[in-house]
Structure formats: structure tokens, C-alpha cells
Amino acid sequence: MMVIMREGATDAQIEHVLKRIEDGGADVHVSRGQYRTVIGIIGDKEAIAELQLGAFDGVEEVIRILKPYKFVSKEFRHEPTMIKVGGVTIGEGFFNVMAGPCSVESAEQMMATAKAVKAAGGTVLRGGAFKPRTSPYSFQGMGVEGLQILAEARKEFGLPIVTELMDVRDLDVVVEYADIVQIGARNAQNFLLLKEVGMIDKPVLLKRGLGNTIEETLMAAEYIVKGGNTQIIICERGIRTFETYTRNTLDISAIPLIKQLSHLPVILDPSHAAGKRSLVEPLTLAGLAAGADGAIVEVHPDPENAMCDGPQSLTFEHFASLMGKVKKAAPAFDKVMGQVS
Amino acid sequence: MMVIMREGATDAQIEHVLKRIEDGGADVHVSRGQYRTVIGIIGDKEAIAELQLGAFDGVEEVIRILKPYKFVSKEFRHEPTMIKVGGVTIGEGFFNVMAGPCSVESAEQMMATAKAVKAAGGTVLRGGAFKPRTSPYSFQGMGVEGLQILAEARKEFGLPIVTELMDVRDLDVVVEYADIVQIGARNAQNFLLLKEVGMIDKPVLLKRGLGNTIEETLMAAEYIVKGGNTQIIICERGIRTFETYTRNTLDISAIPLIKQLSHLPVILDPSHAAGKRSLVEPLTLAGLAAGADGAIVEVHPDPENAMCDGPQSLTFEHFASLMGKVKKAAPAFDKVMGQVS
Amino acid sequence: MMVIMREGATDAQIEHVLKRIEDGGADVHVSRGQYRTVIGIIGDKEAIAELQLGAFDGVEEVIRILKPYKFVSKEFRHEPTMIKVGGVTIGEGFFNVMAGPCSVESAEQMMATAKAVKAAGGTVLRGGAFKPRTSPYSFQGMGVEGLQILAEARKEFGLPIVTELMDVRDLDVVVEYADIVQIGARNAQNFLLLKEVGMIDKPVLLKRGLGNTIEETLMAAEYIVKGGNTQIIICERGIRTFETYTRNTLDISAIPLIKQLSHLPVILDPSHAAGKRSLVEPLTLAGLAAGADGAIVEVHPDPENAMCDGPQSLTFEHFASLMGKVKKAAPAFDKVMGQVS
Amino acid sequence: MMVIMREGATDAQIEHVLKRIEDGGADVHVSRGQYRTVIGIIGDKEAIAELQLGAFDGVEEVIRILKPYKFVSKEFRHEPTMIKVGGVTIGEGFFNVMAGPCSVESAEQMMATAKAVKAAGGTVLRGGAFKPRTSPYSFQGMGVEGLQILAEARKEFGLPIVTELMDVRDLDVVVEYADIVQIGARNAQNFLLLKEVGMIDKPVLLKRGLGNTIEETLMAAEYIVKGGNTQIIICERGIRTFETYTRNTLDISAIPLIKQLSHLPVILDPSHAAGKRSLVEPLTLAGLAAGADGAIVEVHPDPENAMCDGPQSLTFEHFASLMGKVKKAAPAFDKVMGQVS
């Protein structure tokens, strides 16, 4: 950590900061420049990290040198984390496509979708049973009945399922049915939910929040790993920016960046980022090219009659066509298409 | 609602959209321009609102004409909502300052703070017992013990207390102790928490999420009102932008805008927006001038030794000075300083 | 155009708006809903487009239905624009890589770079002679001497050159030397410069501004086409967002979006978007996969001693490696690598 | 400057960086922590500032300690800059309101406006003769004729005039007529224009760019001061964010921040920030309360028939009412209303 004193900071102010750091048990190096004094703290212990040095008079800025996350970092674990779930291997070297509707609406819808997803080469079935909706007047999901329908589809087609957990009170039932538990973008900093899924033994699909930085996303993952669960897939799904042509702005750079910073698998959600069907294909391919380990795509048997996200949902035909292009391109990026064993 | 068809949309595509709307029970008006056909939907019922018209071939854009929220709107209720809590009246015409530390740390700290807040003219005491922290390694709050300390301070000084609820499982205990239940920025779209506080009989302080629009904030409030609880105070606390000099960018325009759109009281949180002590005073005054009904300010007996948010916390002396300026300026904006009766 | 009246707008207010539109020579359709009246304007002439209807009492919102640009739109010209310059064809079906240093620094530097760029398969040589720098204390470019060096490199290696025009007073000299005239991100809304390059007979590389929307970028292109110059290449180079790990956030969606909205070629600038060498390769490949017609990449013989943008510049070796991957991946996206004939 | 080496950086990489710095003529202090080595550079000379240390292998991050601007900083000049123009004093302690239409449209319009502005207490007359417009199909201003009309209005009513310079080729004529030369938001990083107005002897009103940080805005001002012109007024006018209810997001914090960082006067433009008439008053008052030295407000005799910015323009009546509130509030913030002597 570095403490940069303001121009004109007094000796007494500098001494006061130094004393606080030394009381905290760390050594310091003081560099007095022509204009400013800079205090370097050696031994960046946790106790020091929490010091409120920015609150001291005469302090201009406090600069952290060590990353605030540990267990999710590449420095902590050099080998990429590989996640095995229901016969599918997710992580470095593979490209897995998770697909399905925004919401589970009926058994027929899910059976038809699961069949189409599997036929086209998708390896994980998605579907929301509990839906976070901006409007209280929108469909809020089928709940447990939706989970049961997902389980039936899994039984029939052998695809593991990913579904969202919104409420700690639903933890047991979601864990009972899901193969991968999704934490949605709006709960990306719901720290108690993160703590809870840190204690389960199922993989977690963690979406980046719309207003969260890459570092905050890694900190959210750190919450989960700290609880003991290292099976995390991070998902880039677009951030809030001034551009309004797309629902969100897919931060494609986040994919290689997180792969450089962390050992965790990273996928993208082109459907929620774009909010427009016509962009799902180019964004999925861009994700593949940027090094993503997979994508999660909204597919619906009849988007016009979907209960949500119709405009960005692909038909089965579109999805099959997309998968054809993904398969064609994967080898150029040394990616093997995921498979259900 | 308006449906704008793409240039070159076919007659069959247009007919298909029309049929869907008419099946939904609404009337349409079709306007065929030289380049584009526009379909106006008359009778914007809820069933229609949920139609996935953007998913239809040939549709370029769907434009909503009615606002998506109802109960929180000024059209629904013209009279401003006034909230009475523990002898304090919050809303139009008054300026109430809520103050206290980021976290409850000890009885001594809270007693000293409550005394200073009251002496300076603050009317509500803030203090976090459950803390949402970006890092799992940061102090997470004292929990129920913190609530008990807050209650003692209230008993001694007569100030109602506002404290954050993060976990539905803590609902009963937080409601038992708090006078105003705070929903923090990171839970601004935690819809289940919003539903729960919609069913309590205590006022709710709802913070705008860092990545949420004004409309989404009003939708979050709508979740609460729909549950039956109309006692909501909306709090602007800064949004995420590219500017890095401040922790967040205080969206000062949100204050008059929400006051124009809704009957609910609006306050600002200058401390979290700025992240810098030196900005708290000018931002509080700006909020007052822009029409806010109050502010919530971080105050600590010893910011250098605070467990969180030290750099943006005011000392008692700073706070008293700020309150002096607020009191001096309030009459110019036809605001009466809030009081504890 | 649609005018949405406020709830509670009076008949007089509605009549007043109607009269204004009719005086402007357009027909209207009035739709009186339960809550709001909506006025549709038929015959969206230019005169109407400039009416200040938002200034009328009782008007809530004015919604434009036609796109504000015309000549750059796909509706105006269905065939993709192909640009031929110095033996190179840029546009649909091809992937051209433009490469070179941030600034022209010396003849040796440019000769070495041109050789390496050509050897690796780059088809256009970039290099700044006039540099827009945030700081007045930074190197501002070699000026005309830089242009002369670029011309020598072109003569020697046969690569057409792209270089930035900042000042209308330099128009003649830049046009004299450049094969493609670049308008930089900071001049993306320098309308007079746009007008000037609208009158030259050289292709223009138009960068999106850091704070500009896709629509504004197309409007900037419209300024150029309106002047008579239809040879425009649009370049996505990242926008300003709250994410700070990257210099800017590459808006990858802009690439397929602009290709859907316009007939103009679109390329990306991964170097300025990322600001980090390690991201240049994945972003270039992502651009290719998303449908870009090329990329413009910073390459320097000795990035450690570059006069600007060292951290994001590739060495010759890195660049050759990147080009190898691009060539390997291009066929999967039905792209042919550009060539100098 | 501090150079933070990557975890695992080799001794050779560290030595290589050290050598480069020492070759540049600066001293270093090396701090080897458990995980990372940090190199502090003592003697932060300009030559060092331009070193591309981020391009060196093993370097994780380069942190600047000194501010990149000098002449505009409070450290350079402690006394606030006061600008005297046409009998008006602008700067610390005063609140001056500049007002007038978006565009000069006719002599009648300007005469009527100047009269109303003066009567209400405005001290500077604004009006655009050269207009930067997003669309090439929009009105582009009256040009020199507009300047002549402004001059007539000045002659009649004694108000100094502020008008925008877009094109270096118009420098002489704009300087001839204007009392204050405005650099618009879209030219905030048009560095050559900044250099030119750095050499004139008229005050410059510098607007912050929509996508520019506070630091970049101060760097833009530094360009002007470096040329010799210290008479600069900085104007906050809103930045691009994800919020769409307002045209831009007024960054109110920028006002006290720039006043803390710089000796230059700061005003706000509530009209362009808001894009909505109903917000102009609360934002102007908020700016006053936050410490602004004035505001620039759009006023038009007939907003419904304005040639641009009608929706955000105030009528004379509105403006007089706003000025009444400003005058009432100013003393509470120790501000004296500006006057034309």
C-alpha cells in the first residue's frame, strides 16, 4: 500500500500517519519528493488493509498494491479450474453452450427445447423457475413446479441443468434440483447469497452485475471460494453504458482479462447483453474468439409467445444454425466443443 | 404502446402483428407512412404490456407510452406522501438530516454520535448492524448486538433509527429494532427483499442502485407499494460513470425528477456518492437546493479509526458546521428543518 | 414522428400542437387513450423534424420514427460499400489489418515497421504525424516531416498509408500524402472537419468518439457523405464506461450493429480500446468473429522506447503471431485476408 | 511516479526498468515486498513522465503521483482567478448568470432576449452564431451575421457577449465580436483550437466534454494557459451516463472538486445537462449551493418556435422567476449576484 500525502502536508500530519501504520505492525519507507511525500507500507497485512488512512488529514490518496482477492487469482492457483457436472467438463480448452428459455413455462416447452438444444450440440439446459423481474407486474416464474419440469427434461435428455437462485429460503430446493446454481446479475453483490452458495457442493454460475467492475466480480467470486466452494463459472453479460442501441454493452475485454487474472472458467451471455436476436450469433462467435469457455443462450420454441425475453430468444432453427458456426470456428481457437459423456 | 415496423416489413408480417394484438383484446390504429408502418395500440392493458412484440419478424422497435409504474406515480396520487416516524415528519416542505456512522462499532461510539447528531439538529440516527461489503475480508457488522446498541441510543436521545436490512432471514429482528428499514444500493433490485418490506408497517429507505436508472428505482418502489407499504423514502446516492475522482457520480437531477414523477419523499446520500469528506457539505447543500427532502450523512467520532468509510465520514465538528449551513440556507428554498417532536 | 402528450394535457394544448404540425405541412393522426393522447405525424418531412415540439406545454415526449441519417443507411444502399485504395480492397468479405506505430518518430522506425507489417500480412501502414494528446506536455508529432517519412515507407514497401488529420489548415498537406485520412476519436464530432473531408476524394477512416453513441457515429458519417465523399470506413475503438481495468470498453456489439444499419465497412481498433498489449490479440480475433472488415493495430519496433502508447504496442514478433492467428481463423468466418495487389 | 512490478517479475526485468529510469536522470527507491516489488521514482521530471514504463515486461502498473497539470492547479496559484469582462467580474464570491438563446436567429429575437436577460439580472448575453449540430440536416447557425446581431444587442443593452468558436478559420472574426469565446463540449479536446485560444487576449469559456473526466478538462485548460491565456472559465454541462431521463447527467460534484483543484472560476450549464425545462431551475440552484461561480442558461422569447433546444429553453417569464430564486438564495452561500458596472 502507498499513501500519497497532499502537497503542503505538515510534518505532524506525516508523523501521525506513520505512527498509525507502525502501530498496525507494518514497516514503512518514506520518500520525500520536491512536492509530495509518499509513504510505502511494507508488509501489506490484512489489518493494514482495513486502516482508514484516507481519513487522515494531509492524505491525498491511498493506493493499494496487492489485489484485494486471493483464492480466485491466478497467482494463488496456476492451473485452470475445470468443472465437471453431469458428464460435462467446463473450462479451459472446451466451449460449452448452455441454452434454453428465459423462463420455464410448461413441460411441453421444456421438453421441446431440451430436445432441440441437445440435437444442436448444447451441453447444459437453462431455464428460470424463479425470475427476477424489474416490474412487479411481470411474470415471476413457476417456482418449484418449474424446477420439477427442468428435472424431467434432464431425465429425458441427459442434459445437466442451470437455474437461478434468488432467495436464500429457496436454497435447499434449488440445490436439490439444479446441477449448476446461477446467481443472477442483480444479485451479483447480494453477499449473503454468495456466502450461502459458498457452502454448497454444486457449481455456481456467477453473473457479473450490470454496474459492477471486473474486480468487484472477482471479489464476489472470492466470497464463494472463501466459503469452500471453488466450482465457479464467471459470466460476462453486459454492463450499463450510455449506448442505448443494445440492452447492455457486452464488455468483451472482460473475457480475456478475467482469464488472465483468475483460474476460473469464463463464459458469456450474448442474449442479455444484446437484447436483440440479430446480435446473438456475432457476439457468441466473438466470445469464442476472445477465449471464452462457453456461452449461455436464450432459446425458445416460439419466441413470439414467450413469457419473457422474446426479442432476444432464438428459435430452434436459429440456434442450430448458430451452433453450426460455433463448431466450424472452434478449432481455429484451439477449442473443443463440450460434450455430454 | 406503439409498434414500429422495419422499412420493408411485409404485409404478412404486419398482419401477423395486428392479429396478435387483437387477440390480446386491444384495438389498433395502423399508420402506413412512405417508409414505415406504425401500429398504435389503444387500450394498453397489462396483458398487452407483456406481449413479446419485439420478437416478431419485421418489428423494429416497440415503444411504451404509459409509464410502467402506477402506485408510486404523481398521476396516481397528487398529494406528497408524508412519513411520520418517532416524532419526525419526513417529506415535502421539510429537510431532515439522518446521520451516524457507517457501522455500529460500540455503545460508546453510538452514544457519542447520537448526542452529537441530536445537538447539531439531526433528526434520525443511522448506523449499520449488517454491512454489505465488497470484500469478504472486510468487517461485516455487529449484527443483532449492533441493533441493540442502536436501540439504546434511541432510548437515550429520542432519535428514531434507520438501519439496513440485507437478509430476509433478519427481517423480524431488524423490523423489531429499526424505525426506518433501509434497503441498500446493492439490494435495490433484490426483488424478494422488496416484496418482504412491502408487507411490513415501518417506513422503508430505498437507495437507488449504482447501475439503476431512475425508472428502475421507481419500479423497485412499486414492488414495495404493491405489497401494501406506501411509506417509502427514495435515496439518490450516486451512480457508476466513467468519472473516477469521486466514488460515484451523484445524479443531482434525479432529485427534482423523482419529485416530479412521484409523490414519494426523496433524500440524498452525499457521503457515499462522493467518497470524500470535502465534498459532503457542497453536495448536501446542492441536494437541499435541488429540492431534496433530506440527506443521510456519515458521521463518526473518530474517522481515522472507523471500521469503514473513514475517508468520507465527518467529525462531529464538521457535522455541526454543515448543519449550520443547512439551517442558514433552508429558508431560501422554503424548507423547514425537520424536528423531533 | 409521434408526440406523446402528458397525462392531463388540456384540449387547448393538444389543439395547439396539432395546429403547429399542420402549419408545417404534415398530416396527423390523433389517438386519444384513457390516459394519454398520442399524435402521429404522417409525412415526416425535414421541416417537421426540426420543429421544437418538445417545447410545447403538455408535451411529454417526442419520438422519432425515421432514422436521422439517410445516405449511410442500408435502406438507402443495400450493396456494401467497397473501398479500393492503393491496391487494397476494404469491405465486406475481406479482413484487412492496418498496422504501425502511434507516432512517426524517424525514418528508420517507419521503414522497419513497414517491412514487418508487410511481411506479416498487414495491408495498410498507420502512423501519426499530427498527434492529439491529452497533455500539452506530451509529444505532439513530427508534422509534415512525419508525412514525408510515411510516403517514403509507402514507396519502399507498397503499402497505402493512413494518418490522422486534426486541423483543417493541414487538409491539403495531409490529403497530398495520405491514402486514407483518419478522423480521430476526439474529432468524431468536429463537424467542420467532417464537412471538409466530405469534399476530398480520398477514403476517410472515421473513429467513433469515446462518448458517442452508434447513432451519433453514423450521423458523423452522414456529414461526410452529404459532402459527396462516400468512401468511409467506420472504426470502433472503445467507449467510456465505469470499468477501469481497460483504457476504454470495446463495444463489440457496435460492429455487427453498424453492419446491419449501414452499408459502410467497419473495423476495430483493439489497441486503443484495451490500452494493454495482452488484450490486443483476443480483441482482434473477437472483432473478426463479430464481422469486422478489419482492424487497426499499434506496432512498434521497440515499444519500451516508443514516444507514445508503448504499453499497448505490439512488437514485430507479437504482430506476426497475431497475424498468424487471424489468418487461421478468417476462413471460419468466410473472410478473405486483404491483400496488396 | 511508482512502478508496480508483477508478482513473479524476474530480477532481470526489475534491473531493466531501473536502468531505464536512471538513464532518464532520476533516482529510484526499490521496495521488495513478499509478493511484489515497487519502484519509487524520485524527481518526477517531464522526461520521466513520458517514459513508456508500462511497455516493459514484468511491469503491472505505473502510478503517477504528481498531477499532470500545473498552471491551472491551486498549488501553482492559491488566489482564485477573477475575470473582468465588459464591466462584469466573474469568479469566487460572485454568481453571474449568462443567458440567451441556443442560436442567434434574428435581430428582433436577440434584442428582446437581451432586454429580458438584463431586466432579470443576467450579466452576460449568450447566443450561438456557429452551431455544432449532430445532424448535417439541422440549422448550422447564422455565422458572421449572427455575430453582428450579438454586437448590436451588446451595444444597446451593455451586456458582454459569449459565443462559440468552432473553427480556427473563424478565430479572428469571433475574437473581434465576442467578449468571451466559448469552446463547446464537442471541442473540449480539439487541442489545436485550445492552443489557438491560448494565444488570444479574451476570456475563454471552456465546456467539459460529454465523455471527458475532470482531469481531462483541467488538462484542456492547461493547453490554454500554456499558450499564455489565463482567463478561463470552466463549465460543467453534464456527462454521458446510462441514465436516459435526462439528456446528460450533470456531475454536480465536479463543481466543488474543480474549485478545490484549481484556481479557475467554474460555472454550470443546467440547460444542456437536463435537456428539460422543468429541471433548469433546481439544477441552477443546486449549482449555486455547490459553490459554482455562475450559470449559463438558455432563454428564448418563444421556445416553441426556437431553431434549436426549444424543450430546454426558458421563456422570459420563467427566467425572471428563476433569477428571483437565485437572488433569494445567493446570500445563504455568501455569493453576491454579478453586476454590470
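Order as written gives the chain letters A, B, C and D; numbering starts at 1 within each chain.
Simple rule for what comes next: a contact is a pair of C-beta atoms (placed from the backbone, for glycine too) under 8 Å apart; a residue touches a chain by one contact, two chains touch by 3 or more.
Model, not experiment: these values are computed from the prediction.
The pair with more inter-chain C-beta contacts, choosing from A-C and A-D, is A-C.
Comparing the centres of all chains, each the average of its CA atoms, the largest separation from subunit A belongs to D.
Separating the CA-averaged centres of subunit C and subunit D is a span of 26 Å.
Measuring from the averaged C-alpha position of subunit A to that of subunit C gives a distance of 31 Å.
Centroids of subunit A and subunit D (each the mean of its C-alpha atoms) stand 39 Å apart. Each of the following residues of subunit C touches two or more other chains: 211, 239-242, 244.
Across the interface of their complex, subunit D is touched by residues 211, 213-215, 239-246, 249-257, 260, 273-274, 278-279, 282-283, 285-291, 325, 328-329, 331-333 of subunit B. Within the complex, the subunit A residues that touch subunit B are 20, 46, 49-50, 52, 54-56, 68-69, 132-139, 166-169, 186-187, 189-192, 195, 209-212, 216, 219, 222-223, 226, 239-240, 277, 303-311, 313.
Here subunit D touches subunit A in the complex through residues 2, 4, 7-8, 29, 31, 33-36, 38, 40, 42-44, 63, 65-66, 75, 240-242, 244, going by the rule given at the top.
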